[in-house]
Amino acid sequence: MANFGGHAIPGSFFLLLGFWLTVKHVLQHYWRTSQPKGRHIMPPFFKKMDFLEGGFIIFGSFVGIMIEQFVVDGPHAHLYDKENNSWVKLMNWQHGTMYLFFGICGIALVASSASKLVPAGVDRLALSLALFVEGFLFYHHLHNRPPLDAHIHSLLLVPVFSGSASTMLEVFIRDNIILELLRACLFILQGSWFYEIGFVLYPLSGPEWDLKLHDNLMFITMCFCWHIAVALLLVSCISSVVWFTVKRFSGRGRDIEIGMRSTSSKASSQKALLEESDEE
Amino acid sequence: MANFGGHAIPGSFFLLLGFWLTVKHVLQHYWRTSQPKGRHIMPPFFKKMDFLEGGFIIFGSFVGIMIEQFVVDGPHAHLYDKENNSWVKLMNWQHGTMYLFFGICGIALVASSASKLVPAGVDRLALSLALFVEGFLFYHHLHNRPPLDAHIHSLLLVPVFSGSASTMLEVFIRDNIILELLRACLFILQGSWFYEIGFVLYPLSGPEWDLKLHDNLMFITMCFCWHIAVALLLVSCISSVVWFTVKRFSGRGRDIEIGMRSTSSKASSQKALLEESDEE
Amino acid sequence: MANFGGHAIPGSFFLLLGFWLTVKHVLQHYWRTSQPKGRHIMPPFFKKMDFLEGGFIIFGSFVGIMIEQFVVDGPHAHLYDKENNSWVKLMNWQHGTMYLFFGICGIALVASSASKLVPAGVDRLALSLALFVEGFLFYHHLHNRPPLDAHIHSLLLVPVFSGSASTMLEVFIRDNIILELLRACLFILQGSWFYEIGFVLYPLSGPEWDLKLHDNLMFITMCFCWHIAVALLLVSCISSVVWFTVKRFSGRGRDIEIGMRSTSSKASSQKALLEESDEE
Amino acid sequence: MANFGGHAIPGSFFLLLGFWLTVKHVLQHYWRTSQPKGRHIMPPFFKKMDFLEGGFIIFGSFVGIMIEQFVVDGPHAHLYDKENNSWVKLMNWQHGTMYLFFGICGIALVASSASKLVPAGVDRLALSLALFVEGFLFYHHLHNRPPLDAHIHSLLLVPVFSGSASTMLEVFIRDNIILELLRACLFILQGSWFYEIGFVLYPLSGPEWDLKLHDNLMFITMCFCWHIAVALLLVSCISSVVWFTVKRFSGRGRDIEIGMRSTSSKASSQKALLEESDEE
């Protein structure tokens, strides 16, 4: 959707996802480091979070596909127009394909949370694949555009493919807080860069940008680095706030572990719960 | 062989290989997870499967080389035509070279199953190399073709080189079910894409595709992503079916391990068998 | 800053950093290998060194940003000139951005030395990112320059991106002396190559270089390899000198460990110190 | 040196090195697998082999540099001709630079064999670097050549850069027989390809090759794959022959270990030797 809104929607989605991943992984990291060594079992609370996250991603992807198909100027599920011998609204179909893979990623997340039969790492593989497909389609999007338009979109490929690579690494190196926060950071970067694309290509106010001026390309390249710095700053601040909040609450005489559990279950004893989560 | 059949034959081969690898690796994974921790010995049943697979690949490669050489318009083992000062049917020779490396891969599989002297991982290295050579020759194939023809063949390089890289990784990270199923998935993708190439370049019915229309390239790029999604779906479905079938059979009072062994040996006791397989 | 000084300043900075890293990592390696296996605690001396290094990097980056902004022909914190509708001194802003990321890297180093809450490896990730941003901005710097100018700058990307990759590897493989010295070596190479760029593009004496002569490009390529050899030689010599100096001092009846500690603390007993550093 | 001999000499060198590495690493692998688990100490015999290899490489590099400098039409240690304002014989200087890095690699091998202070892996890093520099200089060699000449030289980069990457991997994954034999195989491939370049560009008999014919490029690409297959075959055959020869000798009542040691030392007892090698 070639307007400001069409870039603000995925931008907001990725920003939210990035913030959420930061909070989630800092909580998980706090849990891991505060537990005695022998216990590696995550409390059911985290499983619920994963279900919620997966469900949200599936829902978002489904809505995204529906919108791309059935907006006023969408393809309405028609792929090929036999009368004119032409494809119908391929751009919308391509965006729908991107959503589809994020949907698959949501399903993989739910499946790997629900069942121990699904091998650990499938959710990360699916996410890595979804990012790869997004980058792959974007990359073949860029032909025949004015220089600044092509450049600003190609910069989007940096967080997309880096995210795909770092998530692929997480298939093998699990529970590494640096990789997890790096992933969150790359999502925030992607989100904020979507907004930047929107502001540059469809300025809300002020004059249009000259899409061929070399100085504009140089500024955008530098601006991208500033977005990286801001994303780093945001992730560090959120992480610190979450960490110290959790620590303070768990320090006030209530064990964080119990606090967390009490949100999910009340009557059962601690040990029973652990065994349950082990067998699920 | 520039016709539909020439793409359907390798397509079918890779599809079959992909399905077979899915079944085999899910069975092996079931075996690994259902065994107590101390035992890592595969039953002879799996070794027989590897022999069969290796033999099948060697046979297929040999037949492939023979067909490429001795079809009616083939080179008939002539490489250079001294009268005309020209190479004879280089395309067929190149296809034969690809088959040769899959043959080497089959030999490596048989050798590493037959003898413990062959270091573990040689079969994966040979497979990785066979895929690399396939991609390498395809890559140098693509010059001077119409845009859609070049593009649709270059998309084939994605599963080929990804497969080569992920198989190379398996030399070092062994018995990782995700990598194994990823490999199977990439073979299925490669096979189905061979069919797609056949359908697009040599349509069985209907009008020819316009090989220069940019919209066709955009559709094909997207279509490739749909093939990825279908390959993922197929691998997940087959894996689930195989897993639950095996589980049900082994749950009916017959230990799957014994069931498997009884196909290879009857009179010997379980322990003797294990020791045997250890010494082979 | 397009003159000899503008290349000599970062060159000196990177040379100094490379020498310093060599000394630091050889000392750390000596400490690691001379300790009994069970003890992995670095003495407070090393922590102080990291504080110093981080503080120095932060200070240097701050000064660098200030100079780039407020030199006579600098942008003086103006980014966009609304009267002329043009960006103001983008080159200086880009250099300032590079310094900014080295500043972030310094902050990460101080933070990860100061607190155990910061996960190990954050300092390396930040350094890897700073080098990536440096290379990324340089890479988009190179358009529309004469061949030799573009080539000599693109050779700079070799140590920058190699350094970024090897430092990223250090996030996962820590305390590997080879990687650490490789990093030092790449910084020295980068520093000496900055000087080489200065000498070639802004010769202090003698005739100007012909920026289009192909032979000059070939010589510069080879000259880069000689710089690699010299950097290797320097790192090996410094490492040997530091190693044998430390060994000789610690062999003279004074334990190196105690010698080191006495510089940081006098009255407290050895054990108390170790426990302290553990709890900080 | 642009003639057949100038390609046959490095070709022979790399072929020999490849054969030698195959023999050495199979012997080391035999030793490792035939030892009980607790003992990882290599007998002095292997250390002597490393000294010999290192000395041979240093000697070869030195001779290579001398030849490149002082052949009849060489630069005779003159780099810049001030009278004509031109560089003197840059090609010879570049080849000399390649030899220099192989010389450094020899020194690293000798140093890491001689002293335990040199961290394990330095020899592999130096070899990886030598191959990188070789490929780096070759890559910048290729401009402005006829298509077949450029293509056949660029194919040389495949074994060179693959060798550099796989050797770099060996810095971290040591004593992996697959990586070691892969390295040997890539050296053999490089050597045989040097011969192929010689045969194609400077044919000993018969007509000259048409350097612009596309069919020749296609044949050469395929021919490269055949070289890979032959290199694989050679490495497998040599490995098998060495393995079974060693096994047969060590099976004839003489322990291979003792047999090996007796070549290096006679009077000292086995245990003393082991301790010695430990302390060296």
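Think of it as A, B, C and D in the order they're written, each chain with its own count starting at 1.
Keep this in mind: a contact is a pair of C-beta atoms (placed from the backbone, for glycine too) under 8 Å apart; a residue touches a chain by one contact, two chains touch by 3 or more.
Just so we're clear, the structure is a prediction, and the values are computed from it rather than from any experiment.
Trainee: What shortest step count links subunit B and subunit C in the network of chain contacts?
Mentor: Shortest path length, in steps: 2.
Trainee: Using only the C-alpha atoms, find the rotation that maps subunit A onto subunit C and quote its angle between 0 and 180 degrees, to the nearest 5.
Mentor: Result for this pair is 90 degrees.
Trainee: Over half shared or under half: which fits the residue numbers at the contact of copies subunit A and subunit B, same or different?
Mentor: Both copies, subunit A as well as subunit B, present different residues to each other, with under half of the numbers appearing on both sides.
Trainee: On a CA-centroid basis, which chain has its centre farthest from subunit B's?
Mentor: Most distant chain from subunit B: C.
Trainee: What whole-number Å value describes the gap between the mean CA coordinates of subunit C and subunit D?
Mentor: Result: the chain centres lie 33 Å from each other.
Trainee: Measuring from the mean C-alpha position of subunit A to the mean C-alpha position of subunit D, what distance in angstrom results?
Mentor: So the centroids are 47 Å from each other.
Trainee: For subunit A, give me the residues that contact two or more of the other chains.
Mentor: none
Trainee: Quick one: do these chains touch in a line, a ring, a star, all-to-all (complete), or other?
Mentor: ring
Trainee: Could you list each pair of chains that touch one another?
Mentor: Applying the touch criterion to every chain pair yields A-B, A-C, B-D, C-D.
Trainee: Quick check: in the complex, which residue numbers of subunit A touch subunit C?
Mentor: Residue positions touching the partner: 29, 173, 176-178, 182, 214-219, 221-222, 225-226, 228-229, 232, 243.
Trainee: Which subunit B residues qualify as touching subunit D in the complex?
Mentor: Per the touch definition, subunit B meets subunit D at residues 86-87, 90, 93-94, 97, 100-101, 104, 117, 119, 121-122, 125, 129, 133, 136-137, 140, 143-144, 171-172.
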